[in-house]
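Naming follows writing order (A, B and C), and every chain is counted from residue 1.
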Amino acid sequence: MAAILQTRGLKKYFGGLRAINGVDLAIDEGELRCLIGPNGAGKSTLFKLILGSYRPSEGAILFKGEDITKLQPHLRVQRGMSIKFQVPGIFLELPVEQNLRIALQRVHRGAALDEALERLLELINLGHQRNELAASLSHGQQQWLEIAMAVALQPAALLLDEPTAGMSHEETYKTGELVKKLNASGMTIVVIEHDMAFVRQIAKRVTVLHFGEVFDDGSLDDIVRNEDVVRIYLGKV
Amino acid sequence: MHRPVVHRLFDARMTFLVEAYAFFYQLADSFAFLVLCGLGLAIIFGMMGVINLAHGELIMCGAYVTVLSARAGLPLPFAMLCGTLAAGLVGLVLEFLIIRRLYHRLFDSIVATWALSLIATQGMLIVAGPSIEGLKTPFGSFELGEYSFSVYRALLPLIALLLLAALYWLFVRTRFGIYSRATIQDANMARALGANTRRIYSQTFTLGAALAGLTGALYAPTITAVPTMGQAFIVQSFVTVVVSGADVMLGLAPSAAVLAFIQSLLTKSYGQLIGQIGLLLTVIIVVRVLPKGISGWVLQRNGGR
Amino acid sequence: MPRWLALLDGPQTLGSGRAFWFVFALIVLVAALLPTFVNAFAVTNLTYFLVWVFMALGLSLIWGYAGILSFGQTAFFGLAGYTYGVISINLGDAGLWTWFALLMSLVLPAVLAVVIGYFMFYGGVRDVFVGIVTLSITLVFETFMAQTAGPEWTIGSARLNGFNGMSNMPPLTFPWGENPIIFDGPSFFWLVLGLVVLVYAGLRILVNSRFGNVLVAIRENPERAEMLGYNVRLYQLFVFVIGSVLAGMSGVLYTLWGYYITPSSMGLTAAALPIVWVAAGGRKDITATLLATVLLTWLSQQLAVKGSQYALIWMGVILLVVVLFAPEGLFVTVWKKLADRRRLRQVTTARKTVSLPSA
């Protein structure tokens, strides 16, 4: 399978801080990859670089074979990327339905848009709350709303930054099933997560980041068996 | 009559020196004006992020109270003190009644303070009439060549610098100052460390208002006090503060110096209105090129990101 | 009904449905008939209030819907006014020249807006700094025009005239055989009224459309809007240009109303007045803005007429009270409260119906 998303020698410095210190990543088309690592490892920064919120200090980013390193964020999204932020990036003062419409109108029009809207509302189980302001939703519901907005774009690659933060066990499980279902339909998904149960539920391949570098890479079982990985999580490195 | 060469050379040099001093005097005068205008606003906008469009009216308050107190018989320094305190008091009341509800509502603070400015200007017009009889500028004047300079206005730059030094001492060496800066940088943290943030905001705003009053008081003997005088001050104040950036101590003096230079140069060559335009164009360019002002730029170079 | 017409009602505007539009049509009808039963002075007066509507609506669009606080709408206002003056004085009122002048006085502000907008939005100028830059620009204009008093400040045969401003420009004239139609008095009123209706309807359709949805998204969370693939800066530039054209429309109509334009129309007080109207009514809704503009301009005129110097004080007090107690704007707050009460009554009625025991 061809790599849909690649980074080559990616580096990002903030003054003296090396947030990303040489990351070579290759995500295959249709893959479901988990990105884990202790706090401060650079995971969110990596996502921001891929989306274009940050400019890299060095290195290149390729998407669908095209060098997008200098491309503006909205153009990258138009090429088929989508992101769910760590801190919910939704329109808090707008109703749930309006939130989804704004995302959906990128892809649909007219009756097709209304249908897609209904499907999404059903997917995240917010049909009866469609006219409520997004700010009044619970944290878990807000996460789902944002995931739905990101998915509404029908992206080729979906980036999820801690999708289950603040969710209950049941919500986490449902999210995992949703992610698997989306992946099964062909969507490439990269997930940053801390919740190991969630990672276990969905992951086939896991990449570990530490101090801005790829520390390990493989199936979850391989990773877990790596003593060094255990140590960086427990803080001994 | 044929004058000796030596005399002519001497005259030429004297004329040059006089011209140079005249320009310097103008420069220092503008500098003082900008520093004094900007001080109160810099504290309030630069440190608290509150846009106080009523700043000009606080200056007016200081000026009016000074003039009225002096006319009532108080010696000038005491009248100026009254002016300063009056403005500070008004600031205290305003903060309590209105400003404290608007700390996280930027647009609303703009609209509300502009409304206050409108009320104050019109109110003063109704209460005190279109102008009141002013004060004489103290200390007279001195002459150099064909120019005559006001001693008082020549002293104002020194007063401005003294004030800056005093504020530096206040913010760096006193408890209030340190708590104040801490609160403004991170209110939650400061609260966790025991600072009464509510009171600090109130005190900082009052200080800013008092400084505005002091500006009005200092300029009261040199201008005619009219109700719309605030409008003349507000633009200069904002320009200085924006170019300065958030760190008042670091940016205000350089900002005022640069702007005073630009304004003086343009005024000398093309007149006052062009000087004013020059100021405005400067702020437009600075906002675009140095969005954090001079102080932000300096801080960034010396070890930020 | 064509889809675009259905957009007259939508999520970004208050007021919808038959009752609302019936009342609207009624008001427009009464207004249109006014010149027949009201004296000429009153008609001119009403025209004056309507003239300001465009600028207010433009500001509502830029600020209320897109979240950009521009203090510089009066720059476009003044530019349009002076442009009309210069062109119409030079080219005269024969044929369609006055209409050409009108067109150019809308084009120039648009061009200026593109330049300023590019400078700001593509240069990373945001939030309060947009206000500062735009205010500075309008003050630069005012100051510059104020020092054009000398006779050397002339464009063609039009003297700029400094503080005193430009006057004696010809009214809009439409050639009609022997007797050209001169838009003055009632005919000018109808022209302005027609434009108000058109612009109002057009804006309603615009803000409820997909474009309007994006504007609101940019206002609420510009980063998220960008991450949904929208070219945020282009939208901001575009809406800024629309706002500038609307401000220009007010400018040229004001000039045509009074046959003068002065630098003070670009000064500090003038710059802040639209902010008062838009904030007091409710910046996030164009109907609220429209109502507030007409009401407040009428109110301040009434106060001035009654010899009261308190006009501006009352404006300030109203504004202060609104900001403190009804920050979304007076009309918007009242409307929402009424809508809430109506919804509550519907829910209560529904509950009562449901809980009736079945026979």
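General observations
Just so it is clear, a contact is a pair of C-beta atoms (placed from the backbone, for glycine too) under 8 Å apart; a residue touches a chain by one contact, two chains touch by 3 or more.
Given the structure is predicted, the values throughout are model-derived calculations rather than measurements.
Using the mean of the Cα atoms as each chain's centre, the chain most removed from chain C is A. Of all chains shown, the one whose average CA position lies nearest the global CA mean is C.
Averaging Cα coordinates per chain places chain B and chain C 35 Å apart. Put simply, the C-alpha centre of chain A and that of chain C have 43 angstrom between them.
Between the Cα centres of chain A and chain B there is a gap of 50 Å. For chain B, no residue reaches two or more other chains under the stated contact definition. Here chain C touches chain A in the complex through residues 3, 11, 210, 213-214, 216-217, 220-221, 223-232, going by the rule given at the top. The touching residues of chain A, when paired with chain C in their complex, are 51, 53, 72-74, 77-78, 82-83, 85, 89-95, 98, 101-103, 105-106, 110, 149, 153. Contact residues on chain B toward chain C in their complex (touch as defined above): 51, 98, 101-102, 105-108, 110-112, 114-119, 121-123, 125-126, 231, 234-235, 238-239, 242, 271, 273-274, 276-277, 280-281, 283-284, 287-288, 291.
Those residues of chain C that touch chain B in the shared complex are 63, 69, 119-120, 123-125, 127-129, 131-133, 136-137, 139-140, 143-144, 146-147, 268-269, 272, 275-276, 279, 309-310, 312-313, 315-317, 319-320, 323-324, 327.
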